[in-house]
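Chains here go by letter, A, B, C, D, E and F, matching the order in which they are written, and residues are numbered from 1 within each.
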Amino acid sequence: MTEYALILVSTVLVNNFVLVKFLGLCPFMGVSRKLETSMGMALATTFVLTLSSVCSYLVNEYLLQPLGLEYLRTIAFIVVIAAVVQFTEMVVHKTSPLLYQVLGIYLPLITTNCAVLGVALLNVQEQHGFLHSALFGFGAAAGFSLILILFAALRERIVAADVPAAFRGPAIALVTAGLMSLSFMGFTGLIKA
Amino acid sequence: MSTKLWRFPGGLHLPGHKAESTQRPVERARLPGRLILPLHQHIGAEANPVVTVGERVRKGQMIARAEGYVSAPVHASSSGTVIAVGDFPVPHPSGMNAPCIVIETDGLEQWCERRPAPDYTTQDPSHLRNLIREAGIVGLGGAGFPSYIKLNPLGKAVDALILNAAECEPYITCDDMLMRERAAEIIHGIRIMRHALHAARCIIGIEDNKPEAHAALLRALGELHISDIQVTQVPTRYPAGGEKQLIQVLTGKEVPSNGLPIHIGIVCHNVATAAAVYRAVQLGEPLISRYVTITGPGVPKPRNLDVLLGTPMSELLEQCGADPASISHLVMGGPMMGFSVHSSSAPVVKTTNCLLTGRHRPAEPPAMPCIRCGACAEACPAKLLPQQLYWHAHAKEFDKAQQYNLFDCIECGCCAAVCPSHIPLVQYYRYAKGEIWTREREKQKADVARERHEFRLARLAQEKAEREARHAQKKAELAGKTAPRETALH
Amino acid sequence: MLRTGAALALFAVAGTAIVAYTFDQTRARIAESERAALLSKLHALLPPDQHDNDLLQDALEVTAPELGPRAVKVHRARKGGLPVAAAFTPVIAPDGYSGPIKLLIAIRYDGTLAGVRVIGHRETPGLGDPIEEARSDWILKFTGRSLDNPQPPQWKVKKDGGAFDQFTGATITPRAVVKAVYNSLNYFAAHRDELFAQGAADGR
Amino acid sequence: MSITPYKKIVHDGLWANNPALVQILGLCPLLAVSNSVVNALGLGLATLLTLTLSNTIVSLIRDLVTPEIRLPVFVLVIACVVTAIELAMNAYLHELHVILGIFIPLIVTNCIIIARAEVFASKTTVGRACADGFMMGLGSTLALVLLGALREALGHGTLLANAHLMFGAAAKDWTITLMEHYHGFLLAILPPGAFIGLGLLIAVKNVIDSRIERYRAQAVSLPHEAGAKA
Amino acid sequence: MLSAIIAFTALAAVFGLILGFAAIRFKVEGDPLVDKIDALLPQTQCGQCGYPGCRPYATAIAGGEADINQCPPGGEAGIIALADLLGRDPKPLNAMHGVVKPKRVAIIDEPLCIGCTLCIQACPVDAILGAPKQMHTVIEQECTGCELCIAPCPVDCIRMAPVRQDIRSWKWQAPMQAAGRRG
Amino acid sequence: MLRVIYALIPGVIAYVWFFGWGVAVNIILACSVALVSEAVMLAVRGRAIKPFLLDGSAPVTAFLLALSLPPLAPWWITLTGTAFAIVVAKQLYGGLGHNPFNPAMAGYVMLLISFPREMTQWLAPETVSGHALNFIEAARVIFSGALPPGLTLDAVSAATPLDALKTHLHLGETAETARRASPVFGSLGGLGWEWINGLFLLGGLWMIYKKVITWHIPLALLGSLSTMALIFHLFNSAAYVSPLFHLFSGAAMLGAFFIATDPVTACTTPRGKLCYGAGVGVLTYVIRTWGGYPDGIAFAVLLMNMAAPLIDHYTQPRVFGHK
């Protein structure tokens, strides 16, 4: 039990995907101008990331490994991810048009969010089991969402600030991200192992 | 008497500065050579002149008719001749000129014929409202909203008629003096209002820094053997006189956001308004004069005057021993909510409760950036977050400001008063509100333009189609004509 | 719909074919590089001229508390069939400042250290990381030492009255490393012969 | 669109529309591996190669693919290219491959590649697509190397440390030590440094741009000065 | 090798089918965007943006051909609104397309007007009244101030005048900037 | 702002008393650097300089940064830290009032992760080391690194109480043995630290009385910190030290009254302030107890700065007349 809690703490805080592992930065920078949109993105990513983490684990375990096709891993995973994204898209569209309104535009973006592929690859690299993969994927997504939403709220405040011309826009956003990751250094050593 | 009182959030204890202008008794203001009567002294539509230049008018005669539901007529406050109808300086933050009727007084003070209705109890409310409307009575306490509308319960049961005698702003004492000197008139006025509203209760709310006025009211009630009007002292804390605040203090009810007091069965009027109602109904006199406080470091003899509407402010300053030229800046209203008047030749209007004068404009310290200390939020009686409103208004993010409920701001100025960074917050809010309204208007205009443009495009397309059709037809005819001739040639 | 499916499948086939081809071409080379990479690490401690067997082939796995929680691979160097040295990887020093430290420890048959290297750690950059060869030569000071050099009680950092330096402001990390090395020396002393005795068969 | 002059392609790729500094795409590898010049160069070249190849192929097959499967096919193409490159690197630049780790396969999801395929390569001639791919790749590589240099210099006081990983043993002594006994400003090589560093680069670019803008404005002597604020 | 190909054909086929469905549906997204953008444009219909009217410009933005900073009448507020809608960073107005001017309306000097109807044809919102050979007048509240009627007039009897300010249209100005803001 | 500095003075005096004049040197150095870099940045940004130099925010930043540095930190540490605080964390965002992160703490954390060695070299209280460095000596150490003859760095330096506690617990000792083993502990918290914290507490209370700050943040912070500590202490007093120790060692009081209360970077709504303070307290405890760094205040403050806008967004008070 505690082991799984630790996995979450470690992926959400200590090894936060965005601020420490440098994954999923494009959506992090791109979809954080408004709080609402960032929340939509967070929701979509969380779902897709968890699902694709599991699926890619299955594909790797029961398709690639047996056939000795490890070298096709990347291709296989990206295929899986794209499929999952589309699948999610359809499900959402069918079940709740309202949610679709919110998420619709973000889902396609997720395909090129390297956090998703990153999770899949890391699962293999670190030989996670099934449950571990699921948790890892969820934790990564949670970390991503947390940071994304906080960042969006911060940015909404910063746009009104008297930022020097040269730093307006992406530059100051990156500096902010830097200071955020500076703060997250505080979690280092929280999980020894 | 000790009745249960409630507390409104925020607010400030301000130095009152009221003693200065209450030492001397109220005296009539001298009759000026000319009276300047703006057509727009109230909320709502501008009144419509019914007199022409050169025409002779009597005191109390209607010279401009109310235009539409939310509007009020204007009356000649003394007898004389109309010498101009046109734009003149008026008391307004813009400092612009606005349409006025100018009367040269003849000093005869000849009244037009008055129709008193001594026994109002026999009148039905709608007729009373009509009298009040015809008398041009508007709220004398603040916004100058036509009072007859507020006297119309709109079919709702009115639980309480609240008389606003708080006069919470520093320096202002006109209501105070009115209560000391004309308590009886106020009481009568209140009973008329009450009759019109069928109000169950009737409370006069007065700040506890006016013992004399309080005593005067009680005395008057005693003399008139009236027991069903309750006089309640409320703690002195700005803005206790704010309509919503006073209502909360006296009844514990909150006027819903962008709702009206009437929606919670309450109507709030100023005491001066009540007095005006009495004169209108029982003496048949329209609203042609009011008490005005002339005070501030700029005048040697600060006091209250009973002023004919339309009297130029400069005359009043002179009467209080000040030389208008020496006065560097002149504020109409109090230090918190008043605005500077650009020319002392502007006239006193229905909503002029106070002239605040300064010898030299206080040098405002430079505004520093907001450090989000939250002092403003603690002072805000509307429980807003002024720092956020400012943050967004300053960044021109007006929709965000609106999300933070900009329009619940009553512009009381408490926030600006406490701001350690000396930010003119209220100015930012007024600016933001103005911008939002303009954008609304422009949006509507744009939509119209879009329609007209699309309509035009459609029309052009149609014309083109028709032209082509005609063209084709012509061709066909031509072809029809030519063909036989050719055959004929052969 | 079917058309699109087919078309896509076509592309998939083509793509896969190309990749598969590349894979075939590079497979041998990749295996080779991986070998070389590992070998170069070992050769840093056990120079090729000191042995004549294939270190990668002649290996076995052991598990022992002294060497850490997980199984440790032991590569054995022999010359003319005679044991020369053994390289343990990875030896885990569990009590680093912020997590376990992975070590590669090579011990000569006579019980002296052929060398120690850090192959993975999470110590604080700037405080704990002088244990890396790249950052300081602290780790090199182990070479040539053994259980009687210094005497066992001396196998500590100076601060704890031992023979090994600590870093300014960082005692925990060196403490952990010294302890781990000392433990593995003990383990080697205890199990030396069976380590070399076991047939080279396993590990293949 | 399809008749973009080559001059513009070059200018876009390297400056005006630089993937890293302007489009802010493909950040993950950019920030993750830019802690030393060599790593940056390694990944940069890999990306460049991928971009060029993928763009070329995409433009080659642009008439064969129906709109519905455009995206999947492009993704597939890119994935294949990347895998091929990865295998090659693993074979010939093994250490570097180990260091760069999952960021080589992650080139697949590097947004800039799919973006170029979508908005440019799929709409233009092979030559231009190839050029665009190359220039965009070069643009991000330059940004990578710049950031790498900045961080390595500040962090370790060196440049081109362990270049042999890439250029073979001959390059062992290429390392340039800018400052002996340099304390080492760890911030630069730690994650926060990556973000702040890139932020600074972008800011510098903005300054240069506005200078150019102002210069132009004066040259044309427009009545009102554009973009010159604060 | 073969197993690889087989395995993949399977995967990809599935994938292709699924995607086939979804990709088609994405098409519909385009148009509402144009409306959303058009709703933010001032509808002056002046063409300064380089397109014949606001809607064409909106279409161009949606199509990614035009940038969001080309509409002078929209001004800074307009650009920010567009940036918000499209999730981009706002940028200063592109000087190539003109500068922000106070709102103005056209006034026809009626004695001079010869009733040529050219301005009527030019006006995008039919804000000019008049018939051939009769003097024309501008319906002030309908005029968007696009200035398109100025050029065609053969006798130059049309001029632009600022919209009249009176005490009701007056609004509070922003207070002067916080301390130290130079210019 | 000046009143913030007045409130700091008693604590500073205690600081000098226990750790020698190094602190004073650091403060002076930091202040001058802060003012200079502020002025330079304002000039570059084309803003008026005088009003912003006089608003006193830069000195406050400098004070708080200097107070969190090791007393004998070399001059270039103070310099880079202060410059980073003012230039990057404050001026890049538009200066006073616009910065989302607490400049002083940003500067401190930057130093801590960049130069951990220098940043963990703490001076032992004079009562322990038995050496009293006077102003000149301290200045010489700071600027040239030259200790007075007959002194070694190891002699005068020691880990801070929190740090030492970590080290000993790490060695598997109990809190009690740790406190007996190392001389740096006092009766409540760290030796000397208890006095320093006590005086900062006084200064803080004075600021509340003077309405410079409100009670919300300090109360919530200290409350949550001690609650956490109490729970775990009761649960296992060998591994987890008492709440009092937490309150009276490290930067607890300084943080609660002077750092977390920075109005610019904290929450601004009343309820928000409570959440914010509680958050800082909990995070501080977590980082102190399980994290890699001995004191967590700085990180906790920065982390909560990060969350402040969101918290504000969700803790707006009910506006008058709204349901």
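Following the convention adopted for this analysis, contacts are C-beta pairs under 8 Å (C-beta built on N, C-alpha and C of every residue); 3 or more make two chains touch, one makes a residue touch a chain.
On a predicted model such as this, the values are computed, not experimentally measured, just so you know.
Across the assembly, the mean Cα position most removed from that of chain E is the one of C. Of all chains shown, the one whose average CA position lies nearest the global CA mean is A. Greatest centre-to-centre distance from chain D is found for B, with centres as Cα means. Inter-chain spacing, taken between the CA centroids of chain A and chain B, is 57 Å. Note: centroid distance chain A to chain D, computed from Cα atoms, is 22 Å. Averaged Cα coordinates give chain B a centre that lies 38 Å from the centre of chain E. Taking the mean of the C-alpha atoms as each chain's centre, chain B and chain F sit 54 Å apart.
Across the assembly, chain E contributes residues 4, 8, 11-12, 15-16, 19-21, 179-181 that each touch 2 or more other chains.
Multi-chain contact residues of chain A, defined as those touching 2 or more other chains: 30, 71-72, 75, 79, 82, 108, 157, 162, 164, 167-168, 170, 172, 175, 179, 182, 184-185, 188-189. Residues of chain B in contact with two or more other chains: 366, 368-369, 394. Partner chain D is touched in their complex by these residues of chain C: 3-4, 7-8, 11-12, 15-16, 18-19, 22-23, 26, 29-30, 33-34, 36-37, 125-126.
The residues of chain F lying in touch with chain D in their complex are 45-46, 88, 110, 113-116. Residue ranges on chain D touching chain F, taken from their complex, read 183, 185-187, 190, 192, 196, 230.
By the touch criterion stated above, chain B contacts chain A in their complex at residues 369, 391-392, 394-395, 397. Only residues 8-9, 244, 254-259, 366, 368-375, 377, 381-385, 387-388, 404-405, 408, 421 of chain B touch chain F when the two sit together in their complex.
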